[in-house]
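Sending over a structure as structure tokens; questions will come in a sec.
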Amino acid sequence: MIQMTLIQIDNYGPWTVTPNPCNESDLQILQAELFADVQRQIAMKKGLVFYTRFDNMLAVTNGLNEEDHMRIQRSIRNRYPITISMGVGTAKTPYEAQKIATEVLQNKGGAQAAERKEILAIDSLVKPEDSFVQMAHIDINGVTDSLTDIIPAFDTNFLVNKAQHYLMTKLIEKGALLFFIGGDNFMSPCNELGTEELMKILEEIDDEIDIALKAGVGRSDNAEDAAYMGDLGLEEIREGNNEELVYVLEKKN
Amino acid sequence: MIQMTLIQIDNYGPWTVTPNPCNESDLQILQAELFADVQRQIAMKKGLVFYTRFDNMLAVTNGLNEEDHMRIQRSIRNRYPITISMGVGTAKTPYEAQKIATEVLQNKGGAQAAERKEILAIDSLVKPEDSFVQMAHIDINGVTDSLTDIIPAFDTNFLVNKAQHYLMTKLIEKGALLFFIGGDNFMSPCNELGTEELMKILEEIDDEIDIALKAGVGRSDNAEDAAYMGDLGLEEIREGNNEELVYVLEKKN
Amino acid sequence: MIQMTLIQIDNYGPWTVTPNPCNESDLQILQAELFADVQRQIAMKKGLVFYTRFDNMLAVTNGLNEEDHMRIQRSIRNRYPITISMGVGTAKTPYEAQKIATEVLQNKGGAQAAERKEILAIDSLVKPEDSFVQMAHIDINGVTDSLTDIIPAFDTNFLVNKAQHYLMTKLIEKGALLFFIGGDNFMSPCNELGTEELMKILEEIDDEIDIALKAGVGRSDNAEDAAYMGDLGLEEIREGNNEELVYVLEKKN
Amino acid sequence: MIQMTLIQIDNYGPWTVTPNPCNESDLQILQAELFADVQRQIAMKKGLVFYTRFDNMLAVTNGLNEEDHMRIQRSIRNRYPITISMGVGTAKTPYEAQKIATEVLQNKGGAQAAERKEILAIDSLVKPEDSFVQMAHIDINGVTDSLTDIIPAFDTNFLVNKAQHYLMTKLIEKGALLFFIGGDNFMSPCNELGTEELMKILEEIDDEIDIALKAGVGRSDNAEDAAYMGDLGLEEIREGNNEELVYVLEKKN
């Protein structure tokens, strides 16, 4: 079972334009620092946050309990001009878990409902014995040689975004999520996704848009170790001159 | 003329996996804080940075000279485990400007060339009298009511990403760029893009993927004021119950 | 028993002037962010850090084990241009604990020994059943009315520093430490210090330098809760119009 | 003439305990990040901030105009739960300048007056042609060999604080200020202080409390360059095996 938390800034949209629009640079700094801050706190318990839309962040939080979540909310309230609400859900697949996390929070009121503030809505928490996270770290083969050092920066950005869009489209059908994590890297929480299914997806994308991808898949009882196993899997593929599409590593506890 | 700067972390990919892969959470925090840091420094001179791929960031830097760029490089070197190289270009369109900024930096060596470190490659700087920036702040109509409060968080994220992909595809043909700035918001540096052309693009996207967008367009001699005029333009449209697709405001100096 | 950790930047002095002196502003930012960063991580386990000399920070770390310390070291290495070494000691008094923490680290090499890097030297860790922290939160009576709003800012700063110097001098004799925590506030880890002894110290300072102080004393099995109980103690004294010098609160577990 | 700015958090004390006391760790992080943030912004214009009491910070701001100050206030308001007020003064000596800066702000209301919020009170700004800053960078001879690597961390901290207290006491009589900047380092804005006077102060402290200090004195038309010249002066003394007590360097513009 995977546990996911939806982190939502309360009434953010209206706040950004009241009484007048904030400078865009201030909002960008606020959003980036909030993400870094929440990441640092969740990482202390081996969870992992994805910036998603910045005002709505999704996190894999196996190992974090109710107090851990409340502590983060209080810490943000004390240091930022905004507050955050959270919804927590668990399921066999990441897609289902974030769906439940969203619903349990939506039931407490809208994201822009003035009366909804710093809600912590927990549908369920994963029991240690049931805790399992599968993460695929996906990157583009030789992006530096083939793109970064040759074509304009925005064109590379465009191709990476295109790969993201195609990957999202295919993974969501399998109950898996996909997040861009910088450079040419994507992280996919993908419990229940089979190795064959993932290989097929990477092959299809190569055929359809001519972008060669590879994936290191990690498995553990928490997000941090699963992601790390995925990193090691990618290293294995690189050492094999990218002959393999997918390499799976599991952390034994 | 618009001035764009490509900010590239030197030899970042290899650094992240040497001697062993860094924890993903540490990399996410490093990237987000670097972006926030560079943003704060560039904003002091009324420029604006977009996180782009995090290891490669694009910035509109009208008003920043050579010393301003060097100062940022030094400040990052003194506080981070990595260094940054920069390329600067100017042109009539943002696409051309970033293309020149990329090429002038690529000519100094590859992003992963160990010998290339903290390069500042300036092709040209915009003269104050020629300085002009047009920014379109684009958002999705009623995203909170129609998406955030109703469907799962990742589905909203998926639709926003889809809108981004379609917008990028169409704007790049006009020499304009597009960056996601959080929530349901996009910022498009778009010198030379006509109001009719932009309206046509928004209408096409509504037809093709059924996502209703609107745009506030701002014009000024710097990125900050152009973005702010764009924000005010969006407010005008909202006050008019989203009957208009595009609203243009220019800041007189 | 109290557990204290000495956090020391490795070879910091020479680094700041090699090859040339860093801009003072960059060093000030680096030091403040490192402190905030370590604080956030240690606080997740209910410890508390004091900035002390910034390149040498002292922390009350009851509840943090070896892995917690290693995790912080790795996280700093991955995001800063410097590394940190740590020494950990436990004792009946804070003074003894930091003395042991210092010695166990000094035994591993000098702070500016090029070969000493990211050492974690643990003399001992407090067992949960023996864990006890006493914290005194001391402030100056009516500093805003009597100083901040009346005399020059630097004169107020001077008087606060004077109070700090006198408090340090007297508390160190009792095996207690004292740290300035901002405004007119001081925090004193003071296991083994009796209420009568503390009252006597505050009275002496009022007599000697005419600065009226009060103290909320908190007791718990961790630094965070002890400090919080101390805060509540101060509130009790304020509600009693500062008639009491010391108010003690203990958190029952 | 030196220009100094007093930066004061509005109504901070009451905020920290309403409705309940904030966790001390959150306050420490907030204060350190606010200082780092203001430092980064002021440094972009070659000013320098000292954390002073954290809720009251003093800065040397030659070169910063009214818009620069307003920009920083707005940027803090948009990203923190608190706001800041500022007072600006100029004079022949740093002490006089901060005195004027304090008075002009005090005249606008008390630091804890609920109605006083985000005030910018400017008594005067230094004209470019009159701009002059003298900074003394003072440190303790061989602190690592003689203290850090030998005695307990808190004892070193105590001695550094003692040196600070004696230095403050003597410098304030000469119209100079003194701030601890980390390690064994102090920075003293000291326009109008003669080299002989400074040498005499250092000699007196060596006699009175047996702490050997040295000082690099820098002069320029802004705080950043003056501090840097002071750093270079210290390097000169080190290269001469600390035979000199004071070394003065002036930056020619």
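In order of appearance the chains are A, B, C and D, and numbering begins at 1 in each one.
Operating definition for what follows: a residue touches a chain if its C-beta (ideal position, glycine included) is under 8 Å from a C-beta of that chain, and two chains touch if they have at least 3 such contacts.
Only a predicted model underlies this, so the values are computations on that prediction, with no experimental measurement involved.
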For chain A and chain C, chains touching each: B, D
Listed by label, which chains are in contact with chain A and with chain D? B, C
Which of the two pairs, B-D or C-D, is linked by more C-beta contacts? C-D
Find the chain most remote from chain C, comparing centres computed as mean CA coordinates. B
Chain B to chain C: how many Å between their CA centres? 42
Averaging only over C-alpha atoms, locate the centres of chain C and chain D and give their separation in whole Å. 22
Separation of chain B from chain D, taking each centre as the mean of its C-alpha atoms, in whole Å: 36
Residues of chain D that touch at least two other chains are 23, 26-27, 29, 33, 40, 43, 75
Contacts from chain D onto chain B in the complex sit at residues 37, 40-41, 43-45, 71, 75
Which of the residues in chain A end up touching chain B in this complex? 6, 8, 12-13, 17, 21, 23-29, 31-33, 35-36, 39-40, 42-43, 48-49, 51-56, 58, 95, 98-99, 101-103, 106, 110-112, 144-145, 148-158, 160-162, 164-165, 168-169, 172, 177, 181-184, 187, 224, 227-228, 231-232, 235
Once bound in the complex, which stretches of chain A touch chain D? 22-23, 26-27, 29-30, 33, 74-75, 77-81
